[in-house]
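Next come two complexes, and both contain subunit A; in the first it sits with subunit B, in the second with subunit C.
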Partner chain A sequence: MSYITKIKEISEKILKDCTVEMVIGFRKGTVPMMNEPCFAKTPAEVKQFVWDGNCGINLVNYLSDRKEKIGIVAKGCDSRNIVTHILENKIKREQLYIIGVPCLGMIDRRRISAAFGTEITEVREDGDQVIVTGPGSEKTFNRTDVMQENCAICIHRNPVIFDEMVADPLEEQKEVDRYADVRHIESLAPDGKWAFFEGILDACIRCYACRNACPLCYCPTCFVDEHRPQWVGKSQDPIDIRTFHFLRAYHCAGRCTDCGACERACPVGIPMRQFTKKLEKDCLELFDWEAGITLDIRPALDSYRPNDPDEFIK
Partner chain B sequence: MRIVTIDKKKLVADLDKLRGDYRIFVPVKEEKYYSFCELLDGVAPDFDYLNTRMSPKALIYPQSEVMFEYSLDETREDHHTVKEVSKNYAPRAVFGIRPCDVKAFSLVGKNFVTPEYKDPYWLKAFEATTFIGYACNEPCNSCFCTTAGCGPFHEEGLDVLLVDTGDNWLAKVLTEKGEKLVAAAGWNTAVPDTAEQIDVLKQSAEDKIVSHVTTDRLKDQDTIALYEASFWEDVSFSCINCGTCTFVCPTCWCFDIQDENRGKNGQRMRNWDSCMFPLFTLHGSGHNPRGTKRHRVRQRFMHKLKYYVDKYDEGIQCVGCGRCVRLCPVNIDIRRVCELMNSHGEAAVCEVK
Partner chain C sequence: MEHMGIDPGRLQFSWISSAESTKFVEVVNEVTATVKALGPNRTFIKTESKVA
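Let's look at the complex of A and B:
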């Protein structure tokens, strides 16, 4: 049975028997390689749900502080953000019915657009192949060649928490080198690091799509929106832009699941994950910590262990 | 009105020559995207583009614009005196801008230039600029200009319209400003029957527009009924309240004024703002009249598709460039919302009849 048939079947069931008041999923987008997050409150509304390689938006973003009982379609990364949300008291486990999806990886629409060259009118998926159509031309790509980068190096494709799975778990990817890019930046001299981050921030228009697409960024008022006092200027000043991105990244330390929602949302193509991945690597190396894997251990940055690797804290 | 030809091979040299009289802005490819840049030494114009990623509204209305400066140094006689900064309003020409983006300036002008108020920064920049439009022979499949009061060969606001005929461009001169620029560039070669050639290409381009909006009922819709329509919850659910749609939109004009000090020196500037941001409407009291994303999403669409329509009676506040459709991170589509608004209550109206 296909994922979507099962997603619809479960969604209808839990709406009918009043297990939940709404189910959050995706509906087909109006442009190629885009789906839109949506909700169903009645079994009839479940019909609009779709599942394919364009469901990269992290749906946990839509759970924060909701009071209803909610069904949610969750990929591996989404499920890890659900764990983080529960640990951070943004939602209660008993409010949720988690429909787990073993994830085959999401399509990188920018990569496909760049590789295709001209306008794209349709993108279809057929097993391991992605077939792209434009006016007068068609190209077929291997799925693995056009996946979002975070999906290509994902080692948690299966949901870590769920009420029901739509299919058997997938074999997780083994011997993945998650941090080649981080090691490259680490190897640069300070000038080189500076130039690297300045370079990727050049295009920022401060629309805050990265922050707003992120399930971790739920502060009632973000520090860049504080105005009494106002911490950060509002212009295109590079210092203010840098301040926003660097501080935001640090707020995500030990919490980021590398779901890639920020990078996917950015309208100007900034490789947003370069800000958070170093922190993820540090958390893993220093504290043996991966975000959102278990409800039983407090996160690295809100707990103290006597064997803390930092000398100053002892 | 006359039509002259421009030899593509000589174009860069001709534009270089024009640099004596104008600051020239051209589309340039930056990695994966196009944007308008000033033609300086080493800048290579690239006209093989569909649409720039950001709308070129920043050419007239920059994202951040310093208006005044002041000193807080009380040892200076002029401390705490706000002084206008000097700006370069020398003639400029935007070469190769899409007709929709130029039409957008006409819409934005309704806000910045009124009988009561004239925004000096916008107006001076606008008046200093000659717009050399570039007709779209191959419109994007998310463009819906023809049903948004515009079109791939739309001439409104243009001084010259360029039409690509393969080896050459035809330049249709539309205004005095355009005539002046064409003369300065030395483009004088007229070829017979070119008007018909342009008409054929225009028809062909319009036929290629596959995306449409229906706006015929918007004006007659009851404002309160639309405001309270039940579809807003569904429309706004996915919105993450980023400012992408408003920042990439050629017709969004809202700004915020900020003072920024460094040491004893300060600047008063205006920055693009967005009705998607909660801070946009936050009152000093702490109350926010548009406190939820449903309020904010509704405001954006009601403004573009209802309030603007009612106030000016000149169509919608949208030129159909499709940028918000292409760049919205969660695929909220103005075409779909326009359809919901336009057809709202349709069944009920039919029943009454």
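Let's look at the complex of A and C:
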């Protein structure tokens, strides 16, 4: 049985028996490769649900501070964000009915657009093949060649927390080098590092799409919007842009699950994950901490251990 | 900060008790000496013209 049939079946069931008041899933967007969130409150609305390689949006963003009982379709990374949300008291486990989806990785629409060249009218998936159609032409890609970068190096494809799975768990990817890019930046001299980030931030227009797409960014007033006190300049000055991106990354330290929602949302294609990945790597190496894996251990930044590394304090 | 391209010589974290006045002086002298040796900072500066 395909994922979507099962997703629809479970969603209909839990809406009918009033286990939940709504189910959050995906429906087809108005343009190809842009599925949008769908909030089904009646079994009839479930018919709109879809599941394919364009469901990269992190739906946990819609769970913050909700009071009702909610069903949610969750990939591996989404489920880790659910765990983080529960740990941070943004939602209660009892409120949720998690429909777990073993994730095969999401398609990078930018890679496809770049490889295809002209206008795209339809993108279909057939097993490992992605078939892209435009006016008068058709191209087939291997799924692995057009995957989002964070999905290609994903080691948590199966949901870590769920009430019902839509399929058997997938085999996790092993021996993945998750931090090659971070190590490259680390190897640069200070000037090189500065120039690297200058280069990727050059295009930033400060639209805050990255922040808005991020399930971790739920502060009622974000530090960039605050003006009494004003923490950071609101201008297009490169220093203000840099301050925004690095501070935001710090707010995600030990919480980021590398779901790639920020990168996906960016309208100018900034490799957003480069800001959070270094912190993710440090958390793993220094504190043996991966965000959102378990509800039983407090996060790295919210617990103190006498043997916490402190070599940087002279 | 270091990852972003700030020279590690400009960064200093110290734990100094309010009773450790001598350590405070030592650390301040050390930091000023290192920073002076590095010369003027060229990054992370807002130039007037770009400030709105």
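Operating definition for what follows: the second predicted complex is superposed on the first by the 310 of 314 C-alpha atoms of A that agree within 3 Å, B and C clash if a C-alpha of one lies under 4 Å from a C-alpha of the other, contacts with A are read in each partner's own complex, and residues count from 1 in each chain.
Throughout what follows, a residue touches a chain if its C-beta (ideal position, glycine included) is under 8 Å from a C-beta of that chain, and two chains touch if they have at least 3 such contacts.
Small disclaimer: the values here were computed from a predicted structure and weren't measured.
When both complexes are overlaid on chain A, the residue A:N212 reaches subunit B alone and has no touch with subunit C. Residue contacts after overlaying the shared chain place A:M34 against subunit B, while subunit C stays out of touching range. In the superposition on chain A, contact is made by A:S235 with both subunit B and subunit C.
By the touch criterion defined above, A:R264 lies against subunit B but remains apart from subunit C after alignment on the C-alpha atoms of chain A.
In the superposed three-chain model, the partner touching more residues of subunit A is B, compared with the other of subunit B and subunit C. By the touch criterion defined above, A:N61 reaches subunit B but does not reach subunit C. By the document's definition of touching, neither partner reaches A:L284: not subunit B, not subunit C.
In the superposition on chain A, contact is made by A:E186 with subunit C only, not with subunit B.
Contacts of subunit A with subunit B, set against its contacts with subunit C after fitting on chain A, overlap at residues 233-237. Put simply, subunit A touches subunit B in their complex at residues 29-31, 34-39, 57, 61-62, 110, 113-114, 119, 121, 135, 205-209, 211-213, 225, 227, 233-237, 264-269. Contact residues of subunit B toward subunit A in the complex are 31-33, 50, 53-54, 63-64, 140-142, 234, 237-238, 240-244, 247-248, 256, 258, 260, 269, 271, 274, 277-279, 282, 325-327, 329-333, 335-336. The residues of subunit A lying in touch with subunit C in their complex are 185-186, 190-197, 233-240, 242, 246, 278, 312-314.
Partner subunit A is touched in their complex by these residues of subunit C: 2-8, 12-15, 27, 43-46, 50-52.
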